[in-house]
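Two complexes are shown next, each including chain A; its partner changes from chain B in the first to chain C in the second.
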Partner chain A sequence: MSVEVKNITKKFGDFTALDQVNLKVESGELVALLGPSGSGKTTLLRVIAGLEFPDSGAAQVLFYGEDVTAIPASQRKAGFAFQHYALFRHLNVFENIAFGLRVRPKATRPGEEQIRARVGELLKLNQLEPLAKRFPSQLSGGQRQRVALARALAVEPKVLLLDEPFGAVDAKVRKELRRWLRKLHEEIHITTLFVTHDQEEALEVADRVAILRDGRIEQIGTPEEIYDNPASPFVYDFLGNVNLFSGRVREGTVIIGETEFAVEETAGETDTDAVAFVRPHDIRITREANGQKTFPARILRCNGAGPLANLELERLDNGGLFAAQLSKEEFQQLQPKAGEQVFVELKNVKIFSEDFSI
Partner chain B sequence: MPLGNNSICMAKKQNRVLPGFRWTLGYTLLYLSLIVLIPLAATFVKSSELTWAEFSHTVFSPPALAAYRLSFGASFFAAVVNAVFGFIVAWVLVRYDFFGKRIVDALVDLPFALPTAVAGITLATLYAPNGWIGAWLAPLGIKVSYTQLGIFIALTFIGLPFIVRTVQPVLADLDSELEEAATSLGANRWQTFWRVILPMLSPALLTGFALAFARALGEYGSVVFISSNIPMKTQIVPLLIMSELDGFQYAKATALAVVMLVISFLLLLAVNLLQWWSNRYNTTNLA
Partner chain C sequence: MTDDAKINAPHRIGEPPLVRRLLIAIALAFIALFLIVPLLSVFTEALRQGLGFYFQTLRDPMTVSAIELTLIAAGISVPLNCLFGVAAAWAIAKFDFPGKNILLTLIDLPFSISPVISGMIYVLIFGAQGWFGPWLVDHNLRIIFAVPGIVLATIFVTFPFVARELIPLMQAQGRTEEEAARVLGASGWQMFWRVTLPNIKWGLLYGVILCNARAMGEFGAVSVVSGHIQGRTNTIPLHVQILYENNNIPGAFAVASLLTFLALVTLLLKTWVEYKHTGLRGTAFTPVPLKKRQTEIPA
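This part shows the complex of A and B:
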């Protein structure tokens, strides 16, 4: 049982928003569509909702086995929450949520009592009870987002689609909303897809993350899978800060400057130029050289504010810049100073065989 | 109420980016006095030359009563018809692209620019029994020119731009996501229109209606030509006032004007209240 799209291609003029996309979301799963702007993530969401129709004849949208490709949005029963909420300004919170119930055809429309009960339930679930009589213009961003969600849930949708659900609120509310969405999903277990360009958000909230690039799904997997085993330099870069070191690959190692570092996979490459990818927190800094395992560098800048200390460094051999992150403890032990020369050790070095550009 | 409170607070605050509250308010009052209030007050003063008996005899005479009915009735129906068809014109101009759209758009403003006498003569000729349009209507037994129907058509003609020009910008600004939201919640097109689009546009529509209605009430030039101006039948209030003036009955003329003013003011006030009510959701007082 799943929500599934097959062979989705969508072009806007010359621009290809989606290019042969296939995606399967299991029932009850919470999946994030992650990608930079223009990667097609919102278009994919809109295709699933029926607000946009795919180009090719082979395209299919399936809700639990039922082909809904040709069914218009109004009959698809896909709950959609818009990035800018799209609340009905002329209706209060209660009536906004009740909208989907009131527009049902007479035969299936619930009575006033039932509508009251259902909306009351949703107001409670979304902690909106005291705001039932307010108009959208009298709500804060976080409250509006919750109304938009309650409104989408009122019609008992088969799938919940959220476009940048935390995009238009400030950082603090964003964190609260994230936690709240996760909790809501655990309570009602509705199949949910949400679009985001924030990797932290996707990794924290979703069961699985699909990473989009130029209208294609680059990689899909659990947050751990994609973070630990990114399939491409693009994914690696997109999921967090990254340092690039040019060097040479040779038999399970990469040689950077004059130092050899072990590499898990070299993707069959031997004795060629390569670019090694290292996350800033996988860089260790010491004052003493550790034989063949370290190379020298100079510290350019130190910033100890926040839970992690950020350092900017320069390789001594070729002047290449890179960044390192130390824990508070490490930082206090080492007490690095700008301008000082140190030795650098790399952990979890990754090599990608395809292209080295990001 | 919150809106009113806000504006008072704002006015009291002295440290604004752009100072000049006193200047602008002073200018506003002076301008309104010179252009609107003093001439209107003069009307009341002049009409007070009549005794109460004379006054009531003038304003409640059968021709006067018939003229009020005609003036307000024809203006009201013209504004209603304009609200419907002007809305459709605005809709087409905003929502669709077609060849000659700019020209159609420019045509809408013509009733603003055209001298109303020209409009009256043109309409009277077209709708006369031997005119281009009147010739088709005559066999059906419909007479337009020189009847009440003709007055209604003239008033519709001059009122059209008001509806189109007030609704058009609001419709253009309407977020298409609202319609998508309604659709994804299961609403069909009809429901989306009635429950989402129309309520969002109703303040603008009411403004347009009030403007068209007010404009039609004061219209004189075009009606004189398309109406036969027969008392009790096709005589509107402005014409009745003119005929009193022609007989040098200035006080009587102003008495009729006063009645017209008071009723118009009350009606426009009612429309404004209705508009305020339909726009009540637009308060932004965050608790």
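This part shows the complex of A and C:
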């Protein structure tokens, strides 16, 4: 039981928005579609909702096993929240939420009483009760987003699709909305897909994250899986800051400068040029050289403000720049100064076989 | 006013007072000379021979027939152009299709050619010597020098008003509200009546008012196709001309005062609709700009 898309390809003129995409979302799951702009994530969401139709061929959209590929948006029973909410500006909050119930065919349309009850319920669930009589132009961004969600939920959709649900609000409201969406999802447990370009958002809110790039799903997995085991340099880079060290791979190690570091997995390359990926917080800095495991570098800048200290460093052997993050504690112990020479140790080094440059 | 406010009060910028007053005076004098004086003259000339003559002219069967014909022509052309206008604006604003720009240009065509030529077109097509002339004569159908010709010419001339008003409005509003309605289960009709129409109603009304004013006041195009048959194919503007040419100056002005009155009513309605557009709530007509929406934070 799930929402599933198969072999979805969608072109706009010469631009391929989606290229043979397959995705399966389990019932009750909250999945994030994460990717840079132009990666096809919104198009995929619109295809699922029936607002775009995939280019012919073997494309299929399945809602709980039922093929809805040819069914128009109005009959798919998908709830969709638009990026800029698309609230009906001439209707108040109550009527916006009631819209989906009022447009039902006579046979299935609930009575006025039932509509009031249902909308009242949703107003309460979304903490919108005092705003029922307001018009969209009188609401803040966060409130609009909640109305948009309540409106989508009113029709009891089989799947909830959210396009950049937190895109158009400021950072603080964004955090609140995130928590609220997570809570809402735990309460009503509806199969949900949401689109975002913010990796932090995806990792924090979703059960699983699908990373899109150029119309393809690059990797899909739980937040931990994709963060700890990125399948490609693109995913690695997209999920956080990263340092690149050019070096050579040899038998389970990578040689950077004149130092050997252990590598978790290699594709069996021996003695080839490679680029090693290391996150800034996986870099340790010491004053003493630690045998074979460190290489020398010079500190260019230190910034100790905030919970983590950010350092900018330069390799002594080839002048390559990289960044390091220290905890407050480490920073206070070490007391690094700009211009100082230190020794650098790398943890969790990852290399990718394909050629890649950021 | 507190001291702080005084200090913070912005200094006046721009031209010195003398220049400003001079400019205002020139503008007012111009308006008085070219708008107010002619307007007053219409009514003074119309009433020169007294109220009795004024109403006698308006009750004259020829005048009544001209008023009727004008109402018929406007009554047919305005609803039709309303329909065409909404359809054209919908197509242009909500869909991408080849030839969209050509359609946009074509909609403006009636504005850019002389009304006389608009009339000529129909004479050339439907007139006795025109393309369909012989066929129409065989079937005993009259278009030129008859009511259908007048209606056609009026439709042509007033075609752009509604569409031009709606296209930018619908383009600015985008498609997402309609898409939202669709996803919520609305049929095409429900979407139109419950979402699209409420969003464009003030723009539509504005276009209809302008369209109606032009339909009733059109002279050139109608003049060519009408044939000026008193009591049969005479509209108000044509009737004014006939009275004037027959040296019935007060009569001409009396009938002209009707059109002037229509113009004033139109102006009032237009102002009222404009006020409603941007009025207090203004939800239908003044969407909060996207930029503002994004940065709108309750303090």
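As a working rule, the second predicted complex is superposed on the first by the 357 of 358 C-alpha atoms of A that agree within 3 Å, B and C clash if a C-alpha of one lies under 4 Å from a C-alpha of the other, contacts with A are read in each partner's own complex, and residues count from 1 in each chain.
Operating definition for what follows: contacts are C-beta pairs under 8 Å (C-beta built on N, C-alpha and C of every residue); 3 or more make two chains touch, one makes a residue touch a chain.
Worth saying up front: this structure is predicted, and the values here are computed from it rather than measured.
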Overlay on chain A: chain C relative to chain B, clash or fit: clash
First, second, both or neither for A:Ser140, with chain B first and chain C second: both
Partner chain(s) touched by A:Leu62 [first = chain B, second = chain C, both, neither]: neither
Which of chain B and chain C A:Ala231 touches, first, second, both or neither: neither
Partner chain(s) touched by A:Arg104 [first = chain B, second = chain C, both, neither]: both
Touched partner set for A:Asp170, first chain B, second chain C, both or neither: second
Contacts of A:Ala132 with chain B and chain C, given as first, second, both or neither: neither
Touching both chain B and chain C, residues of chain A: 49-51, 72-80, 82, 84, 86-90, 99-100, 102-104, 135-137, 140, 151-152, 154-155
Chain A partner contacts - residues on chain B that touch it in the complex: 175, 177-178, 180-188, 191, 195-196, 199-200, 280-287
Residue numbers on chain A that touch chain B, as the complex places them: 49-51, 72-80, 82, 84, 86-92, 99-100, 102-104, 135-140, 151-152, 154-155
Chain A - residues contacting chain C, complex: 49-51, 72-80, 82, 84, 86-90, 99-100, 102-104, 135-137, 140-141, 144, 151-152, 154-155, 168-170, 172-173
Touch list for chain C against partner chain A, complex: 176-177, 179-187, 190, 194-195, 198-199, 281-284, 287-288, 290, 293-298
